Amino acid sequence: MRQRPRKGVLIAMDTLVMTSQLPLYAVLASALAPIPLILAGRNPNMREAVTFAAGFLKLWFVMKMLPPVLEGKVLEYTLFEPVAGLPVQFRVDGMSMLFALVASSLWILTSAYAIGYMRPLKEHAQTRFYVFFAFSLSATLGVAFAGNLLTLYVFYELLSMSTYPLVTHHQDAEARGGGRRYLTYLLATSVGLVLPAMLFCYLKSGDMTFAAGGFLAGKVTPTEALVLLLMFVFGFAKAGVMPFHGWLPGAMVAPTPVSALLHAVAVVKVGVFCILRVVTGVFGLDFLEQLDLGLVVSFIAGFTVICSSLIALSQDNLKRRLAFSTVGQLSYIILGASLLSDLAVKGSMAHIAMHAFGKITLFFCAGAIYVATKKKYISDMVGIGRRMPITMVCFLIGSMSVMGLPPTGGLISKLHLLLGAPDSGRWWLMLFYVVSTLLNGAYLLPIVFRAFFKTGKHFDAGTEVQEAPMFCLVPLTLTAIGSILLFFFPHLVFELASLMVEGS
Amino acid sequence: MDIVQQAPILMILCPFLGAFAVSLAGLIQRRWCYPLTVLFTAGSAYAGLGTLIQVLRTEGGVIRYRMGGWEPPFGIEFRLDALNAAIALMVVVVALLVAIYSRQTVASETAGKEGHFYTLFLLLTVGVLGISMTGDAFNLYVFLEISSLSSYALIAMGRGRAAFSCFNYIIMGTIGASFYLLGVGYLYIKTGSLNMTDIARILQEHGLYSSNSVRIGFLFILIGVWIKMAFVPLHRWLPNAYTFAPSTTSCLVAPLMTKVSIYVMIRIMFSVFNPEFVFGVGPRSDLVVWLAVIAMMVGSFYALAKNKLKMMLAYLVIAEVGYMVGGAWLANATGLTGAIFHILADGLMTLALFLAAGAIYYKRKSYNIVATKGLFGKMPFTMGAFAIAALSMIGIPPTCGFFSKWYLISGGIEAGHWGFVVGLLTSSMVNAVLFFRILERAYFEKPELPYEPGRQGKNALNFVERKGVDEAPLTMLAPLWAASLGLVLLGVYSGVVIDFISRYVNSVGFQ
Amino acid sequence: MLDLIIAKFNYWVYIVLMMIGLYAMIAKNNYIKKLIGMTIFQTAIMLFYVSIGAKQGATIPIIDHHGDGGDHGEAAEAVGHAVETAAHAAGSLDPDAYVNPLPHVLMLTAIVVGVATLGVAMAVVQKIHDQYGSIEEDEVLKRIKL
Amino acid sequence: MKTIGLLSVLFTGILLMIAVVDFPDWGDPHSPANSYLSTHYIEDVEEETAVPNMVTAVLADYRAFDTMLETSVVFVAGIAIFAILRSIDGTSLAGTTRRLQRRGRSKKEKRKGQGRNRRDEMVAAAEREAAKPDLIVQTTVRLLMPTIQLFALYVIAHGHHSPGGGFQGGVILAAGLILVAMSFGLENTLAQVPEKLSLQLGNLGVLIFAGTGVLCLLLGANFLDYHVLAAIYPATDEIMARSHSMLVVEIGVGFTVMSMLYLIYANLSSHGDLKKGL
């Protein structure tokens, strides 16, 4: 195991690490966007142009970092050093890159979608919406680029705070309840579990920089390691591991673009990303394997996978059903990580991207349906395929990706996860995946089936085609196409994922 | 005159001379008081910056200023090191911000007495500043009394129960100050000196640590400052006194008085005495830490039960005192660093919160929590700053509240005092609930004014609800935002500040 | 034991006074009585300090110019100087001949502070009386509750 | 409350008694307190400051900073009492109470109010009686006043050589004024020495003190380091400059103490409305 250099001097000697301001720019691109956004607040077109500009700027910065990262380099930038020897620092490696690419590319699409969603519905306080949207994207990228546990925690909390106004956008009683739940879960777990765990790590190891072999490896007793691991897994409640998943369905009161980006991509993925980081960077796969701690996490995640799928079956509200589906899919990723085999961890990381495209398509579709027909409940959507064929086709593609059927990207990542189980010597963990895939099918496919082949009270044979506005339709088509493209061109994703795994 | 060398005295002379200038100006034209006060506090802040820079540049990090040119044990000296240079700067910055802020509140709440108000305001600043700068134990007492007397008056100028709560404050404050004086007397009788460094030297050289009277003197000083800082169980005077004071007064008194008492405690514990004595033969240190945990709990949970915004904040001050006392008594360097950093952080946090509360009162004419309903719509800027301060109180990065908690919790873990760690985390959670309740009201509900019995009939204020945004004036918003952004900046640059503080902590000599 | 009491009687006196004052401050119901207690309390501390500075057989801390009494006639001054030179020759003034001036100075400050505090407290009591019509703590509390 | 009081008093008392045991005996000339700083003051005071009264020298020079602040404490008290008692809208608090009492009586306390009525009338009659000028008192005060003031000036000016100084003299001056106020009525006295004037004098006093210090600053020495003032006083060396400056400073203290104590009396005795004293 390579000893991790601790101070900046040593890092500079490491040829793999290069200092670069690009990560900072990428984060700032959206963090500073609120200023022009507020200034342009009275002119909607201007405002949304600003959002797009910031989005493309951000994507551009992220793309610029891609070549060096693919060469195996690590980009580093220290923001400030609040604790001596413990800076708030960006370190961009393959894993960060993967997540950052997904988040920043989907932001642009979501911005477009938001226009199509917010304007027809005449939502209030749209400027505030865009402002906090931009903030949360910055926080997401901050998490993605975080070079150590402290930075991770800082941006994790910022994300919770900046998404609160988005979740409670409607400012009614329902939003209030959902928002309260949201913050209660996230704050209680992060302050109550992650913070002490993090401090304990720091005191034990004197370091916090994510290292390929884990900076905690060999410095804590097995019992301590177990307690810490559990504190982290439950503490990052954004990952929605049961029993701390309650906030996710509650947060579905948000406008759909928020649900789509934040609760299928940014927020929840930040949760699993954090757990992945902790497993790989804090403990290290070898160390966990040595202590045989993967199994505990496997069971927690497996339980969540099955349970949430079962709950999803019984939900009639489309967004809630998708939310529970998300809970399950997140635990896929955690389960994959807990297998501690390279293959499965690679699959986990890839699944972050694959699932993001699939799930965001589904949420976009749900929103589009709401915009076009004001329907929220699945029972009201029977026959809707006649009214909105494109949307429902995309919904099908999204469903397939989530289930892991060809020709969508979901298949590839799921295959890795599935094969990871025997690879780690616990082939019977495959059962979780198999059973839940069946359950996924059971709660997603009937929606599509009924939409096309049945007639309901709202949509019968005579329904004319009337899709949602262009701004809604185009993004969801694009994400659906993206899902398919990822099936044919998954190389980039896996290259980035394996960069991280092979580093160890 | 070498202006750099004289910076420490200029820092205190600005508000001191200013007080009399304002007093005279108030006799001629009351309108001049406000700009003069701002001017003099600004001058003091400028000198404070100079002092800090001087401390940074000096070899060894200690500057001494001899009053009257007399050698220290015979004359009085100002002694500035890494510990109090930062605190003194915090004091003047707080005073400056409150001075800028005070324009409307003073004019509306203490109309006709502006001259007197600002005179007392500046003298309070002098007192607090002096406490944080002086190196003479008796001189500290004089400063303590200046600040106490002016704060009594500033508090008693309030309405309602102000006089009643002020009287309790006077009684408790006098007991506290007298106990301090008595303790200093005990040290004087055993050492024959009043200069803190000199006392420390004599105690060391003559091996006086085992003497009963020195120990009891230490205990009396400790109890004295505990009363002054409202440490549980001696906290009963504080909430009423801070609640019923005029809003400018609470803005000035709440961030400064308790924090400076904590500074005195740290100074006495580690500069006059040493850790070995304090944690060896003094009162049991874990007992004090448990008291601190109780303070956190009492403060947080009582705050939860209050429906007056200022009352709630006052109880939070008590909880925060628990943080700092606990941190200082954890008996390790990390905890002490956390406690000192928290003095700075909490000074700013309390300031921001009280400024916001004052702005809300100015516009809504009520401290009831109900009055915060719908304020995100009415006063978006005030509430935005309030939210940042609230996040800092909860301990969300990158605000400074997070980093001070970081050190305090680390200190707790290091000392193996799990009760303190759990207490701190619980108190953070309670803070979260507390502020979230207010923010939620402000965000979700329609603006509404509470029904207050005193408001009916002839006493009713002519309050007219305006439509749309009804924000506090710029002179109030600017300091409020300065304080809130200061919280973030202090968090971001906490590394630099901690570096500076640890110069002192390292000189303390923990094992 | 008796020795302890006699040799240190000044401390016993101040302790008794201080306890009386402290008790009155905490336990008395009447505000003016509390203030009287406060004054006794502070006076006790002043006594304590001043008694620290006492020296057996010493005089007040004013350098004695042997009866010239502030009269700065030349002759007197010459005598004064002569005496002083003698004193200097013997190794300066005898510190045991004068009581310690420092506690007096300190207590002058404390007295002023005491007066100021008392004055402010009296003003506050007047205000309380104006508001609630009483200076008994329990009655005031009753009126606040109403 | 009584039990808490008793317990805390007992606790404090026991602590204090424990401490007494290892205190030096009373009057011990070699106790640490009497042999360290004090020795220096006693031995060197005349050489360093040319003031034979050590208390004055320590007060106004070695620890002059303390004294300056102490003066401002008196000042704070004066301002504070004014600020607390003076009501905001200009009418006195006492007036408000009286109005409240009258209203209360007319409505609620009608039944039991009669006894009170009679008592009030008696009080009013006594007040009228007391308000009448008393010839004997006034004449005595007229005779005494110059002596009192002269003595006060002596106490201030002779503080270098005998017990005395600014505080003592100031208090005597204030006592004289208070005597006048008591015998001639507060309003009459305020007509002679108005509130505004005494406030100005109070300010002036502290400013004289602080100004001396600032002058030292301007001349390049530390605050209150009087020796540089030799440049200003005619024909003095650095030691005598200290002595002279102490006198200046003491005069400042005298001003503040006199005017502020007088103001405190005026405000306290009249409930802050400055109309009728005791």
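Labels A, B, C and D are assigned to the chains in the order they are written; within every chain, residues are numbered from 1.
The working rule: contacts are C-beta pairs under 8 Å (C-beta built on N, C-alpha and C of every residue); 3 or more make two chains touch, one makes a residue touch a chain.
Since this is a predicted model, take the numbers as computed values, not measurements.
Ranked by how close its mean Cα position lies to the mean of all protein Cα atoms, the top chain is B. Farthest from chain B, judged by the mean position of CA atoms in each chain, is A. Chain B and chain C have CA centres that are 31 Å apart.
Put simply, the C-alpha centre of chain A and that of chain B have 43 angstrom between them.
Remark: chain A and chain C have CA centroids separated by 73 Å (rounded to whole angstrom). The geometric centre of chain C is 15 Å away from that of chain D, both derived from CA atoms. Residue positions of chain C touching 2 or more other chains, listed in rising order: 22, 52, 102, 106, 109, 113, 116-117, 120, 123-124, 127, 131. The residues of chain A never reach two or more other chains; the list is empty.
Annotation for chain B: residues 138, 142, 145, 149, 152-153, 156, 163, 188-189, 194 touch two or more other chains. Every pair of chains in contact is given here: A-B, B-C, B-D, C-D. Listing the residues of chain D that touch chain C in their complex gives 1-2, 4-6, 8-9, 12-13, 16-17, 20-21, 23, 25-29, 31, 33-35, 37-39, 41-46, 52-55, 57-59, 63, 66-67, 70-71, 73-74, 76-77, 80-81, 84-85, 93-94, 96-97, 101, 158, 161-163, 167, 261, 264, 267-268, 271-272.
Chain contact summary for the complex, chain C toward chain B: residues 22, 25, 31, 34, 38, 41-42, 45, 48-49, 52, 102, 106, 109-110, 113, 116-117, 120-121, 123-125, 127-128, 131-132, 140, 144. Across the interface of their complex, chain C is touched by residues 138, 142, 145, 148-149, 152-153, 156, 161, 163-164, 166-167, 170-171, 174-175, 178, 181-182, 185, 188-189, 194 of chain B. If you check the complex, the residues on chain B that touch chain D are 1-2, 6, 9, 13, 16-17, 19-20, 23-24, 27, 65-70, 73-76, 110-113, 116-117, 119-120, 123, 126, 130, 138-139, 142-143, 145-146, 149-150, 152-154, 156-157, 163, 186, 188-194, 202, 211-213, 216-217, 219-220. Residues 4, 7-12, 15, 18-19, 22-23, 26-27, 29, 51-58, 60-63, 65, 70, 84, 92-93, 95-96, 98, 100-106, 108-109, 112-113, 115-117, 119-120, 122-124, 126-127, 129-131, 133 of chain C are the ones that touch chain D when the two sit in their complex.
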